[in-house]
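A short worksheet on the structure shown next.
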Amino acid sequence: MIEQMNIKKSEKIDKIPIIKPKKINEFLYFAFRNNRVRVGLGVVLFFLLLTFIGPLLTHYKWDAYIGPFSVPPSSLYWMGTTSYGQDVFTQFVLGLKATFLVGVIGGGLGTFIGVMVGFIAGYRGGMVDEGLNMITNIVLVIPTFAILLIIAAYLKVRGIFVESLFIGFTAWPWAARAVRAQTFSLRSRDFVDMARMSGMKPLKIIFTEIAPNMMSYLLMTFILQFGGAILIAATLDFIGLGPTNAISLGLMMNYAVLSGALIYRAWWWFVPPGFAIMAIVGSLYIMNVGLDEVFNPKLREM
Amino acid sequence: MSLEVKNLRVYYQTLRGDVKALDGVTFNIKDGEIMGLAGESGCGKTTLGHSLVRLIHPMKFIEGSVRLDDEELPIWDMNKMNKYRFSKISIIPQYAMNAMNPTRKIGKMTSELLGSRGVNYKNTLTELNRRLDLVKLTQDVLNMYPIELSGGMKQRMVLVLSTLMNPSLLIADEITSALDVSTQKAVSEMLVEFRNRKYVKSMIVITHDISILYQIADSILIMYAGKLAEKASTEIIIHSPKHPYTKLLISSLPKVGVRYSEKKLVGIPGNTPLLLNPPIGCRFRDRCPVAFDKCVEEPPFIEIEKDHFVACWKELGENA
Amino acid sequence: MRRYFGRKIIIYISTFFLAVTIDWAIPRFMPGNPVVNLLSRTALRAESAQAMYSYYTRAFGLDVPVWKQYLNFWNALFHGDLGTSVLLFPQKVATIIMKAVPYDAFLLIPAILLSFYAGNKFGAFAARNKWLDNTILPLGYILTATPYMWLGILLAWSLGIVAGIFPFASAYSFSMVPSFSLAFILDLLHHWFLPFISLFLIGFGGWAIGMRNMIIYELEADYSHYLEALGAPRGLVRKYAFRNAILPQITGLALQLGVIFSGALVTEVVFSYPGIGYWILQAIQNQDYFLLQGCFLFIIIGVLVANFIIDIIYVTVDPRTRIGMQGGSA
Amino acid sequence: MKKVFLWSLAVIMVITMVAAFSLSGCNTTTTTETAAAATTAAATTAAATTAAATTAAAAALPLGFSYNPETAKKILADAGYKDVDGDNFVEAPDGSKIALTVTCPLGWSDWMEAIRVISESAQAAGINLKNETPDYGAFTTALFGGTFDTSLYNPGNLANTPWTVYNAWFNHPIVETMQNGNYGRYDNKELFDLIDQLGKVSVDDVAGIQAVVSKIQKIQLTDLPYIPLWYNGVWAQFSNAVWTNWSTSAADTPKDIPCTWNEYWQRGGLMQLTELKPVEGVEPGTGTYPRNETLYVSGAAWGAYSDSNPLIPGSKANSSGTIGLLYETPFMYDPLTDKMIPWLAESGSWIDPNTYEMKIRQGIKWSDGQPLTAEDVKFTYELGKNFPSVWFSPMWKYMTEIVKVDDYTLQIKFTDPIYQEFSYNLFNLPIVPEHIWKNRTEVEVSTGINENPVGSGAYLWDAKGMGPDRNVWVKNPNWWAIKALGLNVAPKRIVDIRTSGNNVTLGMILKGEIDLSNNFLPGVAELINKGYVQSYYPKAPYMLSANTACLFLNLTKKPLDDPAFRKALAFSINTGDIVNVAYANLVQVANPTGLLPSLDKYIDKTLLGQ
């Protein structure tokens, strides 16, 4: 949904904001004055911090049986234990790591492919555009999740990295569309014409003239892809098609449900992982709106 | 008196502080008068035009009074103003090209707009058609979507629309800037025609292009850096301006049609002062060839002869 | 007009072709031999197992060369034959899916339409209202960011298990036989509510913020300013803004269908609601690639058809496309 | 501008790397430090068992095995497996590294925990064994195709003699896909001959069986081609909310296996139904089925109803009851008393080594009113002769003909019969009505859906009630056994529910919405102790034993081809932890021979030094 919204917006903003280096400070100034950015960033950083500090605070292996079966949170087991007596906190922090990794790799890859396709389609136009557009639309229409299911089920042993790759490879069309629209609006700008007339190579133009002017936009696209990848991964994991050799937040929920945690009311097992995902992705989205306001002053609060 | 503006101050709020875009303006417009409003970009002419109709953030009303037909306009209050908009004071915006809702048929939109003002569309239809003929638009534009009209057609449509309730003041903001010379002429003549037919009592025509004003305006108001420089009948402004800025403006006026604002004023060294914290005294001082020590004081905007107002110590000095 | 739809149809056809091909490839590239899985731990002695193995291989038409299998697949497809299920051998995949489809329709159609309607209305309402914007809208973001299954789990746990108000499994009570009795219909709705509401809420959030952000752009558009300048009441201005903001939302709906389907999938899993999603999971867990194939194919077709319908709707509501198309460009 | 762009690109890259690195980094750290943690944990958890184990092990020698890391290490050392490179894992005598995996299907939560224990305890003993959980398909392909290292699996069924399981564990001849056992490709002519020999020992000749089995066990225990670990339970937890008098180990209760699985109806499951008593004063409720007349069960059906054809193998798991409730077998087998119960057959006996005479009970009617006679039995058995794709056709390799003596008497003639298989099929091969089946083609017989089935059993198929997640059976009012045996099944209806997951099942059984659940419910022991639900045994192991979970070893791979290594592995596995942790005491450790308690009399204790 969010991605869609963004594409349409991009098509609406006739003049997209341009951050020149000298404007960076001003951008930061606004960014840190914007509550949405503040809150969003805050939450994300908090969890990011937890992923890096968490493992240092636990000396357990996520799948090791270290305590009594399904005990509620206590000073000994901060988030309680699973019905197999594994430490939920350990699983949680490692799950967070997996989540962020999927976000960065999957989201990053998705953005990268999307941006590339978008740039080329938008800048070249003509048949190239037609073709790429066709592909984009096809991938957009195919329920990629179904494909992911199948690919996932096909892999014998899956890792978080592989999972991220597949997500990245299926999640790019949104970005492609948005970036294409942007590039369209930019390629006719005089500074691009100048570059073109000065005989610069198309790719060079894209990277030195167009891309930098879309930084704000690319950043927002990346954020959305990041959040999207996390959600897809969670869904896959929950169905039991997640990593086979590691723990993730989605898998935690999967195990919890399989082991009847709902009935035993072991809420500490299945509430935190979902909450973390919700909090991270949610604040990413909110942050995104904040940035949007920063980049497009006319949207700022009256 | 159609319009009386007294000491109107409207600032722009920015993070660096208030930009004094309109810093105490006082002038009148007579019934039936078409007043041109000219000046370099950023001199506050558009601010003036807009603040009279739609004063919104980041614009901030500071002080002053605006009376239209001896009635105080609550321009500081978006909602209260609604009563006067369209019916008493109306505008043809700069962006007339896309001023109409793209997803509504023009006729439908018009009727809904009128309806919202308690006017029956059916009854006005004959009048509407007459005016459409006047601006050389066929009646079936009413069954079209804006996208189906050319730029000029849209502009004329907006002209008809904005004046449909016979406002006593119409503000035409840069309406010609997007048009080619011939169309410019046509449109401006239509404005005059509308005035003559009393569709609108009086007008403020905001433009870069003094040559247009020369054709249509009765009087011209020159602004500089958020203040009024000179107001007089078109003849006087063009042929015997008093204010040194006006003089330079006119003298540097290139051949008809070309808008000077596109290049820096030749012969006028320096730039317009930043309105964030403008210099005290005459704001033209730094660039003024005839500036003298008195100019550190704020020059009043005084009528030196009938209907000729100037804000310059030199002029005042001579006539004092 | 023709050009526009011509192009659309090309996209749809090529999508369909590609999807079906991928779809066909699934069981062939999957690990594990369906026949082996079907026969595992049945016969007692090795040689009898061999006999049956070859027999069932023929039964599944896996004994001909791959390219032939591919052609047979298309051929069968146009005869509405999606093959035989392994999990439910010897049942036909088509019959299984047809039994499941009503549940999906029953769950998805209301969820999608209602959330779309309510979400957009609410988003338009919240836009440019400082108070709502800062209080309720973040909620919208939280909702879209909520993993479908987690919301499902929470609802099943809180309302289903702890409070015990709603059942959290199956489409109707195990003590019921489907009939047109009031009791049965109530029972049906009772079981339908939780999955529905979790789909609805998440959709709602998404559409609400989508509309909110759209309409803010529209309210800043020139035509809105002009209306204000002519003293049009807030209501009219918003009405126009909404009318323009809804268009991208409609395309959004078309493009979201795939995502919504996947959401429905996990939701059905959580509430063991016997729709397609439920079968997909069954198929995956039991390595029933033929069933998986069928479900996937069904989703593809569903999404494509829905997209096409939405395309038509869009053209009728947005004059610009229509007129653009008369101009011959789209 | 350019700078900004590249700069921020770089930042993203860096983030990615940092994240990636930190994850992998974290893993390594955790593994190393937790390997230590694991060992200590293992040590502590095993502390109790070790002491016992050592003594036991000492006693258990010459043959057999039990958890004892020290013994495992010793065996390895003696066989020349030493940790040369100091990675805490031994290398083969020829110095080559050892890296093995232990697998089970993804999602089999209890087994996943089990192989976790296996790998950890093996590693603690110095054997580099990693646990992996591929999807079921990948798992079976590797297992059946013989490309696995070591895998957990449980072939063989609850049977009247050891032959069934040995035939599975040592399934032969060795073919490309071994889908019925002997996945490790254990190729031992001598043993195979023993199995065939065993098959030809009469079922009643206990001593004869023991003699052969003892030889088999000697070879198995010395060679250890697979490692029996624990007995999977006949998962059965029941609620007394609506129905009581469930069979338990308690003295005053019936003694039948309370299980609804495919093949368990004719192993006591059906008898349980005749014992049940409705609880007084249960409200009928608003449902279509009056609650007080309906039995809700779960755990039997794997998938939605697929067919009513009792001759399709495997698929019965989807419509459990097709055999047992709807179609019946000549005999029943009661594993608790190890007795064959005459059922459709009134009696059956070998009148000479090559002739089996079966007397069919008189007065049995099919649900369409036709009488069930010797013709039907003859017809059913002969389906295997006419159609090779029918699962029991191999019997005709040694069955020559079936002679109908009179309407209710048959003589089945053999040459050199495999008595064991024949007797096993006596209570597994359901009889179908000739007058309905006689015109059916091979396809219809071996793969037909068999709509509107006509059976002879206690329950009939309820078309209206069938749903994607439930099978419904209605009582057959004119069931022959009511008159003939004075048996009567209590529930008017059986609703066989397939829940999506344990949590649902648990919730329903706790609410009394399910009367009998035959699912494996992790952590249920706790509920049993609290008295929320009941199980056969009031305390550990709570459940009867259904089959043996064995660790199959791929003997075609090094070093698994070395008996010494296999033995060491056997000693290294912490079966105690599997039982205590993975199963929370729902199962019990298997006897080294792997034979179920019900076949205890066939275990040669002397080999185990007991």
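First chain written, first letter: the chains are A, B, C and D, and each begins at residue 1.
We take it that a residue touches a chain if its C-beta (ideal position, glycine included) is under 8 Å from a C-beta of that chain, and two chains touch if they have at least 3 such contacts.
Computed from a prediction, not measured in an experiment: that's the story for all the values here.
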Comparison of C-D and B-C (more C-beta pairs in contact): C-D
Middle chain, criterion being Cα centroid separation: C
Distance from chain C to chain B - Cα centre to Cα centre, in angstrom: 56
Chain C-chain D separation of Cα centroids, rounded to whole Å: 38
Averaged-CA centre spacing for the pair chain D and chain A, given as whole angstrom: 45
Separation of chain B from chain D, taking each centre as the mean of its C-alpha atoms, in whole Å: 91
Where chain A touches two or more other chains at once, by residue number: 153, 156, 240, 257, 262-263, 302
Shared interface positions of chain D, touching two or more other chains: 107, 134-135, 138, 501, 507
Set of chain B residues in contact with two or more other chains: none
For the chain C and chain D complex, residues of the former touching the latter: 30-33, 36-53, 55-56, 59, 85, 87-91, 96, 99-100, 160-161, 168-171, 173-179, 183-184, 269, 272, 274, 278, 282, 284-287
Touching residues (chain side chain D, partner chain A) in the complex: 1-5, 8, 12, 15-16, 19-20, 22-23, 26-27, 29-31, 33-34, 37-38, 41, 45, 106-107, 109, 113, 116, 120, 132-135, 138, 501-503, 506-507, 510, 521-523, 526, 577, 581-582, 584
Complex contacts: residues of chain C adjacent to chain B: 221-223, 225-233, 235-236, 240, 243-244, 247, 317-320, 323-324
Of chain D, residues touching chain C in the complex: 107, 134-141, 144, 155, 164, 167-168, 171-175, 177-180, 285-289, 291, 294, 296, 302-307, 309, 312-315, 318, 388-389, 391-394, 421, 424, 443, 446-449, 464-465, 467-470, 495, 497, 499-501, 504, 507-508, 513
In the complex, chain B residues that touch chain C: 53-54, 78, 81-87, 90-91, 93, 95, 98-104, 109, 112-113, 116-117, 145, 147-148, 158, 161-162
